[in-house]
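Here chain A shows up in two complexes: once beside chain B, once beside chain C.
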Partner chain A sequence: MIWQLDLLFFVILVVLALLALRVRNLMAAVAILATFSLMVAVMFGAMAAVDVAFVEAVLGAGLTGILFIILIRDTGERAAELESKRPVILLLPLIAVFVGLMVFASSGLPDRGDPDAPAHTHVSPDYIEGALVDSRTPNVVTAVLADYRSIDTLGEVIVIFTAGLAVLLVIRTMPGREPDPAPGRLDGEGDVT
Partner chain B sequence: MFEIFLARYVYFFVVVLLAIGLYGMLAHRNLVKKIIAMLIFHTAIFIFFIEGSVKDDAEAPVILPGREVVAADYVNPLPHLLILTAIVVGAGIIGVAFALLLRLHRAYGTLDEEAILGIIGSELPDHAASSPEASSPPTSSSAVETDPGGGE
Partner chain C sequence: MISEYPGQVVRIICVLLAPLIMMFGIYVVAHGHYGPGGGFAGGIVIGVGVILLRITVAPEVSHKWFPAVIGPAAGCVGVLGFIAIGGLSVVSGEAYLDYAAVEWFGGDAADRRYLGILLVEIAVGLAVAGVMLSLFDSLAEIQGPDETIPEADGYVEVPLGSSEGIRDGEEAR
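Right after this comes the complex of A and B.
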């Protein structure tokens, strides 16, 4: 993709991330987070990852925002205290060490857009060239997800089922529960995904 | 120098986003803010993977009919698959986290981490006496009995 556009998106993302954490009103923070996810989805689309862009727009920008709004409406928590009593002096060296480690680790990674990067030369060409012949599916992502690697996708469904089950158990055994519809909507979350 | 920047700026921005997420998770005392920071952290990981799938002069991994298939013409589809799975599992994580937050809020009446820790600390010596959960055993048992109707 065009690198200037990519750079612009990254700057927007950093600003939105800082704003989402900085703003005191939780509803505003959730709105900014949904904008962040939508920007990420647009960025994925620009990087030719169309399937990921769809899923990020639906789940990241849509469903996550709705769940946040249900949570905030249900708990009545509207504003967050900004500053922790924990001293920032302790945190900054930790973040600096983390950033240093990550930058050090990224020095071994391939350049952006390099067609000979190790990730592009191992099994990936076989999947791309075989998808249409083996599964009659032009979309390689669909072919791998639902055909070559369908057992792994079944495993993913089990993970989502377990998450839905965990939500049900936590909500149902909740002490002092009032009869309102919001927890029921949270239960359905496992089925939606 | 400019070529190095073009090849490397992705890693720089991803690390910045990761650092913002990590700082938010550690520094904020409101649990909703902590989850927002966690989402920023894992979205940064998604961006890292999808940037890794990019090839120069390549298209979306949808095979066009009537043309010879050359792998170098299409971006790598495997990171897309990993991230599709990760986004869906991320929605599951958010669901469980919100269920736990709702439960914490019912038990302590706040989503402020330090307030909750304060309540837990003050309960420890005599938790049977004047805690907000003193009335919870009867309510919880009645909630379990009335649940099958209300939960569906």
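Right after this comes the complex of A and C.
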């Protein structure tokens, strides 16, 4: 990937992130967040990680925005003003130290696409060479996700399902909802008066 | 609840688009062996197709086509299906999720793993689509603590898709 393009994308990402924090209209903030996700997806695509880019575009730029907007419908479009105006200058050294640590740590990482990187020398050569022979699957990512590492995928699916179920149960039993006609409900039985 | 979108053009276009979006999601799930995507991305696209109907068409219609129970049901079927597919190889006496051991699939070891991957992708797609739809459904049925949202310094807020908003739109037309 061309490094100038890389730099441009990073600048756009930082600007979008700052904008999303500063803007007071929440709808605009959601739109900026979706744009951020789209930019990240483009970067993933440019790094040849097409599967991740696809999921990021669909989930980050698409569905997350819808869920946010559905919630904003109930809470109002305007962000509340911050009550305490802490001096930002006090935070700047902290941010500088953190960014410095990140830059220092990233200088020890292997280069992107380095064939000698630890991640590329352990089991991934076997996966890359074996996917087509073992399972007739040209897309190595699918073979890794659904075959070689299928237990990880099972765990992920169970996590997603459990999280969705938890949201469902929390919202169904939230106080202030009109009572469920079904008998034997758990919510708000003691605090009616 | 989200009532139907006031504009007829938008409604019709979305009703035409939704099946195509869902079909693309099924394509992404089924084509995971060869192209980008697979169960996760395809499942989300399928779920988004249903959600598009939920936010444009009248709730009675969209809930008639895709009842609210479909979300949790598809999620359960997907997760349990994944677990069951993994158990098939245990029945054959091999490790969990080792599709090559399932003789019932037929063909040689690579064919069985190919089929196993496809089945698992379908299960993941069902689970993700179901969870996303039930997430949306549960969030969409929240009622705010006070339905009449107060005006903040002259800024009139009309909640998206509320019945007042629709009525205003119809009067304006």
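Annotations
Definition applied: the second predicted complex is superposed on the first by the 157 of 193 C-alpha atoms of A that agree within 3 Å, B and C clash if a C-alpha of one lies under 4 Å from a C-alpha of the other, contacts with A are read in each partner's own complex, and residues count from 1 in each chain.
Criterion: a contact is a pair of C-beta atoms (placed from the backbone, for glycine too) under 8 Å apart; a residue touches a chain by one contact, two chains touch by 3 or more.
Because the structure is predicted, anything quoted here is derived from the model rather than measured.
Looking at the shared chain after the overlay, A:L109 reaches chain B, while chain C stays out of its contact range. Once the two complexes are overlaid on the shared chain, A:V97 sits clear of chain B and of chain C alike.
Once chain A of one complex is fitted onto chain A of the other, the partner contacts of A:L145 extend to both chain B and chain C. After overlaying the two complexes on the shared chain, residue contacts for A:M174 are found with chain B and with chain C alike.
Of the two partner chains placed by the overlay, only chain C lies in contact with A:R136; chain B stays clear of it. When the two complexes are overlaid on their common chain A, residue A:T75 makes contact with chain B and with chain C alike. Residue contacts after overlaying the shared chain place A:D51 against chain B and chain C alike.
In the superposition on chain A, A:L8 contacts neither chain B nor chain C. When the two complexes are superposed, the chain touching more residues of chain A, out of chain B and chain C, is B. Using the contact criterion defined above for the overlaid structures, shared-chain residue A:I128 touches chain B, although it does not reach chain C. Shared contact residues of chain A with chain B and chain C: 50-51, 55, 59, 63, 67, 70-72, 74-75, 77, 138-139, 141, 145, 153, 160, 163-164, 167-168, 171-172, 174, 176-177.
Per the touch definition, chain A reaches chain C in the complex via residues 50-51, 53-55, 58-59, 62-63, 66-67, 69-78, 133-139, 141-143, 145-147, 150-151, 153-154, 157-158, 160-161, 163-165, 167-168, 171-172, 174, 176-178. Within the complex formed with chain A, the chain B residues making contact are 6-13, 15-24, 26-30, 32-33, 36-37, 39-40, 43, 46-47, 50-56, 58-65, 69-72, 74-81, 83-85, 87-96, 98-103, 105-107, 110-112, 114, 133, 135-137, 139-140, 143-144, 146-147, 150-152.
Every residue of chain C that touches chain A in the complex is listed here, in rising order: 2, 28, 32-41, 44-45, 47-48, 51, 55, 72, 75-76, 78-79, 82-83, 86, 96-97, 99, 109-111, 113-114, 116-117, 120-121, 123-124, 127-128, 130-132, 134-136, 138-145, 149, 152, 155, 157, 159-162.
Partner chain B is touched in their complex by these residues of chain A: 1, 3, 6-7, 10, 13-14, 17-18, 20-21, 26, 29-30, 33, 36-37, 40, 43-44, 47-52, 55-56, 59-60, 63-64, 67-68, 70-72, 74-75, 77, 80-86, 88, 91, 94-95, 98-99, 102-103, 106, 109, 111-115, 117, 119-120, 123-125, 127-129, 131-132, 138-141, 144-145, 149, 152-153, 156, 159-160, 162-164, 166-168, 170-177, 179, 183-184, 186-187, 189-190, 192-193.
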